[in-house]
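This is the structure I want to talk about, given as structure tokens.
As written, the chains take the letters A, B, C and D, and residue 1 is the first residue of each chain.
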Amino acid sequence: MSSQIGFGLVAAIILVSALFVVRSKNLIHAVLWLAVTLIGTAALYAQLNAPFLAGVQVLTYVGGVVTLMVFGVMVTRRHGGAEAPAESDSDEKGFIFATALFVVLALAIWKSPVPLPVQAPIATTNQLAHALLDDYLIAFEALSLLLLAAIVGAVVLARRRDPDPVSGEEAGAAAPTRSTTEVVP
Amino acid sequence: MTPVTLALVATFAPAVAALLLLIVFPLRHKGAPAAWICLLGSVVSLGAALKLLVDRLGGAGDTRVTAPWIMENGRAMAEMGVLIDGVSLPMLVIVGVVALCVQLFSVAYMHDEAPRAFGRYFTLHALFLFSMNVVVISPNLLQLFAGWELVGLTSYLLIGFYFAKPSAAKAAVKAFWMTKLADMGFLFGLLVLYVFTGGFEWTSQPTTLVATWVTALLFVAVIGKSAQFPLHIWLPDAMEGPTPVSALLHAATMVAAGVFLVVRADPLFALAPGTREVMLWIGSVTALFAACLALVQSDIKKVLAYSTASQLGYMVAALGAGNAFAGFFHLGTHAFFKALLFLAAGSVIHAVHSNSLEDMGGLRKKLPLTTVAFGIGALSLAGFPGFAGFFSKDLVLTSLEGKGNWIPWTMLMGSAFLTAFYMGRVLIKAFGGELSEKSAHAHEGGPAMTGPLVILAIPALASGFLGGWIGTQMHHAHELHFLALTPVVASSMSLIGLTAAWFVFRNGGKAPFAGTLERLDAFSLVDKTWAAGYQVGLLGISGIAGWIDRYLVDGLMNFGAWSTLEGGESARRLQTGRVRDYALMVVAGVVVLALIGVLR
Amino acid sequence: MNHLLSITIAAPAIAAAVLIFVPNSNRVAVRMISVVGAAISLVTSIWVAFLYDRALGGFQLLETFPLVPSMGIHLKFAVDGWGVPLLLLTGVILFTGVITSWTLAKRDKEFFMLTLLLVAGVFGVFVSQDLFVFFLFYEIAVLPMYLLIGIWGSSHKVEPSGPFKFVWKRFEVGSREYAAMKLTLMLLVGSAAIMVAMFLLWVNSGAKTFDLQVLEATRFPISVQHVIFPLVWLGFGTLAGVFPFHTWSPDGHASAPTAVSMIHAGVLMKLGAFGVLRVGMVLVPDAAAIWAPLVGAVAVVNILYGALCAASQKDLKYIIAYSSVSHMGVVMLGIATMNAAGWNGAVYQMVAHGIMTGLFFALVGLVYERAHTRTIAKMGGFAHVMPVVAGFFTLACLSSLGLPGTAGFVAEFMVFAGAAKGVNWWWAIPGVLGAFVTAVYVLRAVKTIFWGPKPEGEYAHLTDARSTEWAAPLVLGSLLVIFGFYPRVLLDFIDVASQTNLKRLPAAVTAQVTPPAGEKVVAR
Amino acid sequence: MTLTGCITLAAALLCIGIYGLVTRKQAVAMLLSVELMANSANILFAAFAHFRGGASAQVFVLFALAITVAEVAVGLALVMLIYRRHGDTTLDLASEAKQ
């Protein structure tokens, strides 16, 4: 019973904060609400007997991604970071479609037969490590390559000078010289 | 050698010569060797034909051998082969003799040509002889058609021999178009025959209706090829070709192929009295009409050309009267004397360097041999008693007795008079009187030129006496009663015509009605009608078709492309280019798909 | 030697692949490799003709390689009596076409590569016994044309006029890009129709197979046949130039470079007719019998209308292109007759027209290269300076107008005989008339271009055919005459296949084609 | 705490993410929404790992996390590029795809 209450509480936190993420006018606030959602998710992981995941979630997401996002917002901020209100028609359409999708999904979930829970032993970090580095070693290595590629790509993209800026002053201000058009490895 | 081998040799010897000249082009380009090769081919061909003739005289019978040519459903739809009988054998010999004489004559006549043109000329001659022999030995109508078209081709190329001259080019194309137009009749006739009998044999026995259709369609081709009214207009123009060509193709052999066709297909024509009726009238009209026009021509070759059309009219009329033998006999004698006339005319033209009768005169003093030859030919053509033309023409006229209320008979009698009259005119104008300016330096050509004249003069004189033999070969009782009505009237027509010519033209006078006829000739209504048909009918319709295709049919296709582009422009507005809208659409799609999955 | 057919297909394709590794600058190597590729195909296709047993008939030299077995797709090659002459034709046209392009200067390597690839596709179509692979090769054959015309083609101007004048604003009508795009788009629309038909056949075959021989053994329900036949007819018919979907042909052929015109008009258009015959008539014969009157009527329009359009053209290449439309009408007419004479004639006409039009385009290219004009009114007296070209051009014209002694006569005569024998006997009339109109316009062209006084000025020093330029006229010209005098070289092959396939026709149709009683059957 | 509840939670989170993706104009905000959606997928993995057993599902969460990080890095780089180009991060401006 206590787990029910705990789950309900965590779910409520996740959903409410998620709603704030998508509704906040201020981007910084949205990012911070995202942090709350992610922490809530970490709590959910803990409840689901996945403490290692919870730890990783807090460390990489809340620690890394959210920080990155904050930087992203700060770097691209303009005129105080206030956002123009979304167009109302798109707003309504989005609401209708999102709700409709949820209804359909909920229908599907409730109509489907739920598989009986298997009382599985809790996966320890040790087992996880073995799975990660034995069974899925190739995927793991491929992932490391992907990350490398992403880093290189991000650096390249971020350093790139666009040859035809719409508003030349900002572009000029953002880049030190005009001669670095070519990609720096 | 078997008769088949001999016939094949007769046919293919010139083909080998032509092929050799076509492929080994240095021979052709050098000129003289081409003439020798061509002559060799003709000699071999004629030799084989004469051997066949000798065998025939020794009692050999008919030979017919065929091989499948076009296959259809495992059987032969069409065959090619050889048929040697009483019709093809005399024709083979006639063609061989005339061709050889003409080629020999050409060696002298054409020797001023550039070597390449000289070589081309003889190559075409070899090709012609081959094609003509294909016609002659054909055992069925399809092969006859094949050869028929091939002689048309060589005729086209030889008329256009002086292709640098626009008039020659025009005449060549005109000849080909006119005959090709008529040949559609041949093709349709073949198709009808094929549909109803499953083959192309003239011995097949279709119903009268079918036979009438077939023969009528075949006769259309005859009108074109044998220059009958109203498709005769190409023949005078065809005189643009070298004179020996006119002698061989457009007088003696090729134009006679039409008559030959009817003689061959006589069993079919016998089943179609309606067609014969038409032939009778068209032949008579052509004979008279062309004879009138021959009266006022100033070009010696055109006189002969119109006289050819007129004589072909005689043959067609005889065939229309149902006497294939008379037509064929006249074909044979005409081949000799008309070739002789043309070669003699060529000799004159060679000496005078002009075609015009006005430039000639008194040539008997300078060209005695030519004068004699021309005289023999002219008298033969005029049907002077004893000459070859007399026998065959009388036979034609006899066969017309009583047909069509005697009207065709009368018309042909009139033509006989006119023939004698205009030939007398030519004789007097060219050879009689005082020497003209251009004739003053004329002289006879070498033996290559005079030789053929001598050779051809013999049959032009005497071939009339061969009628009996040909008649037996064609299973036709040939009896000519010289004291019957027709021979007497015909010979008097000939004599009156010649005498009248003497009195009228002796002092440079003009023929009665010459003015009217000249205006008729100059106005050339038939010619103009055809020209209008070509300009307005064919070119007009084709212009319209071309416009429709470019601007309507293709326009419609372009309109399709245009609408696609325009439609794309309109549909483009659906694409906002905003990521959010695309995402929305993705979600909408997912919702719909999921809904389908859930509700199923 | 059981892989003869795959070698025939592979030789040009491999030559094209090898060309990738040859430097562009090595012009001799580029040409030698292309010629070798083409020559191997030519030799093997002749070899195929020798190996094919006419007494046995049917499909021979079978080769099978699985491709997508789960969908019943196999690379299955075999050749029948119809395929043999068409293989020969393709080999000859490819070989002469490559040699004709010897002097090409612009991007020659790519040109040869694309040409070889295209012809590999053509070979593939003629021998494929699997509908899917058939279609695959068909597309391989069609698509390179876009580049070949778009890059190496030539342009001219068409004045805007008519009710659709406004579309001129959007297209450069007459330019080579326009011609290439139009050709490709129209043919692709046709391909789409073919694909639908193909899948309909697959779905309804029951066996879920593309194997043509299995499909042939299946009698499809008449309702399905009624959908398939028009799709096949118009789909393949677009490539065969069926009215009114022929309009890509004049622009395309006029803009294309010489060798491409040769191959396109000479071989590619035959793919369309072959498709109608092979897929339309043989696979869905019941519907074909019902649709045949329409097919024949449209073919008759093609013949006469194409000839009339050709007579009105002033551009030499357009004349030849429209004559192709007219002659392909003869092929379609032969197909529509649904009897042995007509089908034999149709296939024979494919070969005859292929050779003839190849010869035409080779000569036109030669003239154009020297005179730099295609307007016939500007030419005249060329026979004085280029007698060989004049001679061969005349020969091509004669075959075009169906003169006996040339291949064109045999083909046209058989088609007209087949048409006259059928229910719609009147088809033969416009057909023969079309042949007459052909005589008018080709001989007028000969007269204007080659006859007349010796040319002066810029045309006085034109030269006759030289070295490699001799190849195409000599080979194609002599073939025209040989096939004209001795048609059984090819007809014996064609007739075997026609006999086999005629048995598939519904009884009501075959009743008309039995030979009249008393005809002798000739032993082969 | 049931499997159904977890799945419903994940579905709800996904829909909120989609709502955000569709309605927000700012590129960063759209990235945040994508993060929410990725998170919902991770919740599903974890839930199935818990109720159906096995370490593999958790490994996939780890992989997904890593991929998300990579995505965020590249995404932010793109946002900066767009910002430089248009002086704004409103994605509506970046509609070159239309041309």
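FYI, contacts are C-beta pairs under 8 Å (C-beta built on N, C-alpha and C of every residue); 3 or more make two chains touch, one makes a residue touch a chain.
Only a predicted model underlies this, so the values are computations on that prediction, with no experimental measurement involved.
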Taking the mean of all protein CA atoms as the centre, name the chain whose own CA mean is closest to it. C
With centres defined as the mean of Cα atoms, the chain at greatest distance from chain A is chain B
Whole-Å gap between the CA centroids of chain A and chain D: 5
Taking each chain's centre as the mean position of its Cα atoms, how many Å separate chain B from chain C? 36
What is the distance, in whole Å, between the centres of chain A and chain C, each centre taken as the mean of its C-alpha atoms? 62
Calculate how many whole Å lie between the centre of chain A and the centre of chain B, each centre taken as the average of the chain's C-alpha atoms. 96
Which chain C residues touch at least two other chains? none
Which parts of chain B, given as residue numbers and ranges, touch two or more other chains? 580, 584, 587
Interface hub residues of chain A, defined as touching at least two other chains: 90, 93-94, 97-98, 101, 105
Looking at the complex, which residues from chain D come into contact with chain A? 1-9, 11-20, 22-29, 31-33, 35-36, 39, 42-43, 46-47, 49-56, 58-59, 61-63, 65-74, 76-81, 83-90, 93
Which residues of chain A touch chain B once you look at their complex with the stated criterion? 90, 93-94, 97-98, 100-101, 104-105, 107-108, 111
With touch defined as at the start, can you tell me which chain D residues reach chain B in the complex? 18, 21-25, 30, 91-92, 94-99
Taking the touch rule as given, give the residues of chain B at its contact with chain C in the complex, in rising order. 68-78, 116, 145-147, 149-150, 153, 156, 160, 163-164, 166, 169-170, 172-173, 176-177, 180-181, 184, 187-188, 191-192, 194-195, 197-199, 534, 538-539, 541-547, 549-559, 561-562, 565
Within the complex, chain B is touched by chain C residues 158, 161-164, 166-167, 170-171, 173, 182, 185-186, 243-245, 247-248, 250-251, 305, 308-313, 322, 339-341, 344, 381, 383-384, 387, 398, 401, 403-405, 409-410, 413-414, 416-417, 420-421, 425, 428-429, 432-433, 435-437, 439-441, 443-444, 447, 450-454, 487-488, 491-492, 495, 498-499, 502, 513, 515-516, 518-522, 524
